[in-house]
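There are two complexes below, and they share chain A, which is joined by chain B in the first and by chain C in the second.
Let's turn to the complex of A and B:
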């Protein structure tokens, strides 16, 4: 520790270089945290899923609906506590650019299925008691400035036409991973507006169980029941369902990893270069230190510590900036991310990476410095 | 004003090999990332854009932005197909087809599953897509349990090679052929007989009608007549615009992500270049003093150092371009939100992108060299000469 002042004094001597190097490492770590947050934000739905919830859909794909008649048959299956259902409703507000996630849900069981959706009791009653009522997430309320009682016109893309929904509740998520940018409205309202051939069809069913350990058995029971019907089902836990959805996104994570590695590698080159230049400039000085009796090991540590300190400073600045910036701006990536926030793990990982970067970039100059021959070095620069 | 010869700069870069190499590689990686992201966005966009043809029109239900959410009944399809603007096929019949589109969940070769577009096509469907041709096997025979698959589907999904049996909607289908759609979205589709698909998939209606215009300029008239007919309730799009609009949102997002990443990374690399050039200028203070003493002006020194750093950056840019060339062979698939299914595409590296990469690298060199160059140019000659 007593040598810390020496290391800091060194960094302070070449202020411009220190500033430039710290900045470039900070920028790299900022990017790293951002790209990693893209990945972790995709996974938010996984973290928000509950293992006691099952999702039942048509075996072919989500595009095919299931008959409403399945509701009562599902309710009779052993170990099923609650049955809920809903239809995905694709739509936008005013401009096709403002795509909003909407679900038409059965109001009666919705809150039994999703206890994570929190709202005041009076708002809940108002929502349940009105056909054209809707619930909006806090995020939407903030983004569009919608208040209780506002009528929100939504243009449907799957269900054509303009749908006028009255805001009767504004919900919050129980945890930060719950999407607060969704509209929920009454399934009955959607159903009664359909022509006869499209009436009484349900997009997905949700089942709630007493315990997660029942999930495999119940899934098998459900799928066996409908195996030979015209609409066979596929039942899986909410987590598996979300994971399947993510896997449809393709290899986004691989692309981001490639980009992230290229960035980290590029900045490593910059840092190595800086450390080499810094070491070259003080060949004489190191020779003097050695003459004074500093051991090779100590010299190795001093030069290495300088690199790590430099890199760590950049890492702290970069990840802190990412954390603060994404806390304070509403970045949704065009509606792709419900909640774009930098997780503590990401910051930890970033700092670890910064230390590693520092060690790596300090390695060559440190070894060079510790192996320096005193007489030759003192002679080198007059 | 006397110019300092270029060879001076080249030799200088050669003097500090390690430093030059590290800086150039750093810039190379930035250029690479720049080209990589452009190629990703460009590949996605051109796959969708090339899917549509300027000469074709596509008719979907009023308000639908994708075939999947559209419904066209048999009588509407028949009415559309009898319009006078439609070109004639060699057999004298209108060059138009009504198609069925569903998406089906299939296992990839990697084991994960995703949705694939299954399209019921008619006798004129292939003729309407000039880029589609058979790559292996033969075309399916109408009325039989046979399908043909796009080449991306054959490459990426299980049971999708010629001779395989594919299970769709409770039936076994023989895969009899693979078609190549020239990198368009059809490469990610499975095609079969529409008249057979309708009962099998339990769909009494079509999703779209595609037709070739006899004369491109008649589009407006056709659009006006069909859209004003209250019995139809359809929207008429030019096919190329229809698909380009689907690409819009995601391609835009990919491109802005790329630009965001590249700009920040470039700033980091400029800092690195600044470091290198400052050190380089600092190390040859005496040399620069000598240049000034023998008559080169401050301006010449400034220009010379700018040239040097730009040269360094262009070297990096060129390495980046070389590294980016193999990116062309990457294929990736992503979910298209409008068709709710996988769209596979190849990265597109165009000469324009490589050029932008070079220009970008050169700009980094200019910026990174400017401040050190200015410092060198304004050095007092006598003091510089006196330096160690």
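Let's turn to the complex of A and C:
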């Protein structure tokens, strides 16, 4: 610690260079945190998935619905505790660019299937008791300023027309991974509005199990039950179902990793250059320190510490900026990300990366400084 | 080493290689310096004075011969051991002061003490004492750029003595100063020698500066003149 003042004094010496280096590292770490948050946001749905919840859909494609009649048969299957159902609605609010996730759900069983949706009891009763009622997430309430009692007109894309829904509940997620940007409304309201040929068809079923270990066996029972019917089913855990969506995006993860690595590598080169320049300017000073008795190892540590401190400062600024910015703006990427927030693990990883960057970039100048020959260095100046 | 002997050089040679050429800087140097001496090392430019001082100060090693200082054969020490030895035994004073520009006068003087096990309080006391000795306790918070040349050199002297080294080596300490400041520095060095018993070896090309020393030796083309 007694040497810290010396290290900090040197960083303060060339203010413009320190500022620019810290800024470039901060920008790199900001971009790194953002890219990593894209990946972790894709994974948010996976993290929010519950292994005691199964999703039953049409075996051919999610596009094809299943009969409502399957409900009672699914309820009879051994180890199934609760059955719920819903239809993806897909609509927008006022402008097509305001795409919002909407689900028409079976309100009677909805909270049994999704106990992580938290709602005051009075709001729950209001939601269950009114045909045109809807629940909105806290994120939507904040974004659009909707309050209890507001009528929200949603324009359907799969189900055409304007659907006027009354906000009777504003839900919160039990964990931060739960999406709070969705609208849930009564499936009955959707169903009764359909022409006869489209009535009583369900998009997906959800099954609640007592234990996650039962998932494989129950999945097999469900699919076996409907194997030879006109609408065969595919049953899987919610996690597997969400993972299927992610896999549609191809190897985005690898692409983002490559991009992130390239950014970090480029900045590392910049920092190495900066540290080499700084070390060259201080040849005499390092020679004097060695003359005073500073050992090669101490010189190595001081120069290395400078690089690490510089990099860490940039890392803190960049990571903190990413955290604060995405915490305060409602970034959903046009509806692609339900929960775009920088996780503590991402910040931790970013800071570790900054330290690693500092160590790497400081290595060459630190070794050069430690190996400096005193007499030769002092002679050059004289 | 004999009683009272602080520095002993025997048959010291120093040679450098520049591409294919061998440059002989010092040839067969034999020198003894006793504790409490104030020795001036004089000679024309390129005579090897600074090189000789560097060998005595432990910042360079001879090509041949033995250098004994404060009971230690410097040639047998590793670079880390030599660094530790310098920290304990040698105080350097340079022609161009070589203060660290980003540190205050106080922090510059404190530098050698960072290598010791002294507590922060003890370091403060030592630094204050050193600054008082050179008459600059009121300039402790100033940066080198805020000091005159003479003040910078006095801070450099404070830095050289703060760890109470066995030996002070000064390489043209007045070379960059005007007459008035040079005189003040030499008076200070003389005081350190006479009142505090500091052994000083000073390189100078200025006869007036050499007169302040107790003894003078001359170096010419790398050879000590008798």
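Following the convention adopted for this analysis, the second predicted complex is superposed on the first by the 381 of 382 C-alpha atoms of A that agree within 3 Å, B and C clash if a C-alpha of one lies under 4 Å from a C-alpha of the other, contacts with A are read in each partner's own complex, and residues count from 1 in each chain.
The definition used in the following text is that a contact is a pair of C-beta atoms (placed from the backbone, for glycine too) under 8 Å apart; a residue touches a chain by one contact, two chains touch by 3 or more.
All values reported here derive from a predicted model rather than from experimental measurement.
On the superposed chain A, the two partners chain B and chain C both fit, without a clash. After overlaying the two complexes on the shared chain, residue contacts for A:262 are found with chain B alone; chain C is out of touch. With both structures placed on the common chain, the touch criterion links A:2 to chain C but leaves chain B unconnected.
Look at A:61: by the touch rule set out above, it reaches chain B but stays clear of chain C.
Ranking chain B and chain C by residues of chain A touched puts B first. Residue contacts after overlaying the shared chain place A:151 against neither chain B nor chain C. When the shared chain is aligned, chain C comes close enough to touch A:294, but chain B does not. Look at A:284: by the touch rule set out above, it reaches chain C but stays clear of chain B. Legend: residue contacts after superposition of the two complexes on their common chain; A:31 is shown touching chain B, with no touch to chain C. Superposed on chain A, the gap between chain B and chain C at their nearest CA atoms measures out to 13 angstrom in whole units. Comparing which residues of chain A touch chain B with which touch chain C, the overlap comprises 381-382. Those residues of chain C that touch chain A in the shared complex are 50-51, 54, 57, 59-60, 79-80, 83-88, 92, 94-96, 98, 100-103, 107, 111-112, 114-115, 120, 159.
Every residue of chain A that touches chain B in the complex is listed here, in rising order: 16-17, 20-21, 23-25, 27-28, 30-31, 34-35, 59-64, 90, 96-97, 155-158, 160-161, 230, 244, 247-252, 255, 258-259, 262-263, 265-267, 269-270, 272-274, 276-277, 281, 333-334, 336, 381-382. Those residues of chain A that touch chain C in the shared complex are 2-3, 5-6, 9-10, 12-13, 284-285, 288-298, 374-375, 378-379, 381-382. Residue ranges of chain B in contact with chain A, taken from their complex: 18-19, 22-23, 25-26, 29-30, 32-33, 36-37, 40, 61-66, 68-69, 102-105, 112-115, 169, 202, 249, 252-253, 257, 261, 264-265, 267-269, 271-272, 274-276, 278-279, 332-335, 340-342, 388.
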